[in-house]
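By letter and in written order, the chains are A, B, C and D; residue numbering begins at 1 in each of them.
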Amino acid sequence: MYNLLKGKRGIIFGALDESSIAWKTAERVHEEGGVFVLTNAPASIRLGNINALAEQTNSQVIAADATSVTDLENLVDQAVEILGGKIDFVLHSIGMSVNVRKGNHYTNQNYEFTEKGWNVSAVSFHKVMQVLYKKDAMNEWGSIVALSYMAAQRVFPDYNDMADNKAFLESIARSFGYFFGRDKKVRVNTISQSPTATRAGTGVKGFDGFIAFAEKMSPLGNATADDCANYALTLFSDLTKKVTLQNLLHDGGFSNMGVSQEVMEMFE
Amino acid sequence: MYNLLKGKRGIIFGALDESSIAWKTAERVHEEGGVFVLTNAPASIRLGNINALAEQTNSQVIAADATSVTDLENLVDQAVEILGGKIDFVLHSIGMSVNVRKGNHYTNQNYEFTEKGWNVSAVSFHKVMQVLYKKDAMNEWGSIVALSYMAAQRVFPDYNDMADNKAFLESIARSFGYFFGRDKKVRVNTISQSPTATRAGTGVKGFDGFIAFAEKMSPLGNATADDCANYALTLFSDLTKKVTLQNLLHDGGFSNMGVSQEVMEMFE
Amino acid sequence: MYNLLKGKRGIIFGALDESSIAWKTAERVHEEGGVFVLTNAPASIRLGNINALAEQTNSQVIAADATSVTDLENLVDQAVEILGGKIDFVLHSIGMSVNVRKGNHYTNQNYEFTEKGWNVSAVSFHKVMQVLYKKDAMNEWGSIVALSYMAAQRVFPDYNDMADNKAFLESIARSFGYFFGRDKKVRVNTISQSPTATRAGTGVKGFDGFIAFAEKMSPLGNATADDCANYALTLFSDLTKKVTLQNLLHDGGFSNMGVSQEVMEMFE
Amino acid sequence: MYNLLKGKRGIIFGALDESSIAWKTAERVHEEGGVFVLTNAPASIRLGNINALAEQTNSQVIAADATSVTDLENLVDQAVEILGGKIDFVLHSIGMSVNVRKGNHYTNQNYEFTEKGWNVSAVSFHKVMQVLYKKDAMNEWGSIVALSYMAAQRVFPDYNDMADNKAFLESIARSFGYFFGRDKKVRVNTISQSPTATRAGTGVKGFDGFIAFAEKMSPLGNATADDCANYALTLFSDLTKKVTLQNLLHDGGFSNMGVSQEVMEMFE
């Protein structure tokens, strides 16, 4: 409770339920004095309980399909009006693979599903930024953050086509981040988070195995959704104004481990 | 002329004209004793002069739209039949952005164009591998290579949405490479090549500027299409059997330069 | 002014004068409620004006040669006593190349100078941590940060053997960070900072050229010493508890730029 | 057997016995038509059986302590004279940690040992290149390769201070590679090799554990010393003239794995 985000306005995508990173982030942003609108796809709004969060944080919920430019334009217009000014921070926490849901192996993709997952998980981030950029809706030194996962760099077999989508997402952060930085002084970064026991995470086959593996490999253990919320605060704050185009590993050290003592001993 | 690829059979995608990397690679593979079929999209076949290359290298041309699984299935079946056995090497040299062609800025994408470029430039690589994998059409210790560009990691403003497509492509190489390696002993890598004065390359706005910049930054100068063909030979050969899931920078050293003396002096 | 470091105790190495990153960091830590001892080598204490900073921040100065384990042991003992408890944060901002000072080109090293620079710039970081670790002088969830530079990954010709020293330093952060994390819940990271107009920085030949180049390449411009101080605060705070073993690029986006529009246009 | 290195002259450091990567490389270079001198430290010459290799490959052995500039100058002079011309390729395969040998934990270093290991394992590579550069003893488009290990990027607990030494070594490859490329058209790279059951490798505590772990993680299994010899040939050949400043992962895919199916299942 530092008042770190006092006076800042934002949009938070993807708070489904209490286990969501976006949910935890919204709670912490609220505690730190920031105001925001919450948004999610209509189906996700029905599925989860975002309205409870809205009440708790004194926020409004605006339904938007993040693959629809029209919905996003409406969202941004409403957010600026409701919050009383341009936007300072955005959290993009959206991801979904139809191939994963349908149980299609990575070597047996249905390419319509591939396209749909890519569109929801990755292109939506471009659309969000393109709408904000064209409407000139971000304040200078604003901060845009999307959640990613290390499968963008390394193979986690069951992560399936989400790996490729996250690679695309991280590339968008760099590509759009250049123009958003140069033209509007806005920074754009991704947080590459430990496997997290959200509803989306636990749906991935083999999730128990790789969260346990990651826990044993990481010197500080896996980063939780609460940890991630705290980290996101620093990126929204005025203390990180020159951090941009980065993919920030937030994982208890996992990403720079070759092998831990504990894991190695299982192989001796 | 080392007979480095004697007895090896392959498929080479994307030889448009004499400036193409795929064209140069086909010539060098032929000199090194490899045999192959050439393939390209029907429109590209009409546009370029691939038949001259086929004659020169004693190869057949099979038209295939690399976004069509049916076309790819037909291509692989025919290639195996024509060449008289399973495939040892594949070169994927395909890329196209409709947004670039239409002059849409990265911050002003038409998302139908984005989808089309992604499908042609990146998903086609997955489709090629999925067809080869399902048909079990690769020999053990075969080698699959796709061409990429460093915009997958760093911002080159005019490279536009091709940057994101290349990031997706490189991720496919890792993701599919895991299963292809584990299940079939096939290696999958990308070559991240210097900017090259091919017909595709020179079509990018600002190309003259960034090829000149790269030349001045690279201690050995830019790698040419001929250099790239030679490098591809090593990856198709039996000398690199344990190289897989890699993105191999082939660029005269550019990728690891912060700044060269020559460039820095322009700023003093 | 968020009280972000209220109740935290630290040791800050390397505040020479008002231009130093360590100096700026000390000022900001003080504003955020942290307490600390300042330390530098005796020669640097005479050269600069650290005592003014000590007075301003209500701190004590303890002279220590960071290559001397004895001096470091004394420093840590005194710090714990003066501050009234174990240490929560450490800033290592130490670097010096004798080859650079003497004007020896990288291809014409005097290896006694190489060893001396390595010892001061890189091994000192290991010594600091080994002393803290053996004395069990860090609190759980403490944070250790060293300053680095991107020459550890890419070539900046005039940075000379400091590039290799920074690579060694960053490796120490990972290697020691594993044990410090696993055994004591302490995180260890490096900040890879924009070229900064400190007294040390401006002493490097060609500094004006590469700071100007970096400025034109970075979408948000170079990060200043003030920016870096703010960023260091986040790493010392409780908001980044699971960030460890990382090299964090703090550079206005420079590290992920291939080329900016502005630079490219100079080559067209 | 392709005559890939016909007419090329080289220097090979570090062939101790039949298990050495340098030994295997010397055999393969000989088969490919290259000529070379072998060199090692006097103590290593006594310890191993390099003379058998010399006889087998029709080579001469020149003793040299790679930390001694005088020895290296003598080596280069003699090599040029014996081989009848300037050098085309160099293999640096040297590494040794006194802390490892003496059983000192990474958090309990003896810094005299640290200095000695660094000098032997890393600085020797700079010395070799500085001598070659000053004497102008390399042919244009020559190739210099040093062996490294992924501990330079990620933590392998028992690799100890060799991790930091390898990071320094890889940085030297970039730093010196810039000047060697720009001024003499010579390329400089490192191969980051799978854990390999050489005499040096097997001496590391926990070696059995991490070679087994790496085997299970790598889609193509660990790269052997024989595989590495083949890969080195490609880097010495004329087919890779524009590959420079790179650290080339040669590891059956290990480096880009997050986790394999097989390893993950142990945690489910």
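Just so we're on the same page, a residue touches a chain if its C-beta (ideal position, glycine included) is under 8 Å from a C-beta of that chain, and two chains touch if they have at least 3 such contacts.
Model, not experiment: these values are computed from the prediction.
Asker: Based on the averaged CA atom positions, which chain is farthest from subunit D?
Answerer: Between subunit D and every other chain, the largest centroid distance is to A.
Asker: Please work out the Cα centroid separation of subunit C and subunit D, and write it as a whole number of Å.
Answerer: Result: the chain centres lie 32 Å from each other.
Asker: Could you state the distance in Å from the CA-based centre of subunit B to that of subunit C?
Answerer: Spacing between the chain centres: roughly 42 Å.
Asker: By the touch rule stated above, which residues of subunit B touch at least two different other chains?
Answerer: Within subunit B, the residues that touch at least two other chains are 153-155, 157, 174, 177-179, 245, 253, 256-257, 260-261.
Asker: Looking at which chains touch which, would you call it a line, ring, star, complete or other?
Answerer: complete
Asker: Within the complex, which stretch of subunit C touches subunit B?
Answerer: Subunit C reaches subunit B through residues 150-151, 153-158, 206, 208-210, 212-213, 216, 253, 256-261, 263-268.
Asker: Give every residue of subunit B touching subunit D within the complex, in rising order.
Answerer: 2-4, 174, 177-182, 185, 187, 194, 219-224, 227, 230-231, 233-234, 237-246, 248-253, 255-257, 260-261
Asker: Please give the residue numbers of subunit A that touch subunit B in the complex, ascending.
Answerer: Its residues touching subunit B are 69, 106-109, 111, 114-115, 118-119, 122-123, 126-127, 129-130, 133-134, 152-155, 157, 160-161, 163-168, 170-172, 174-179, 245.
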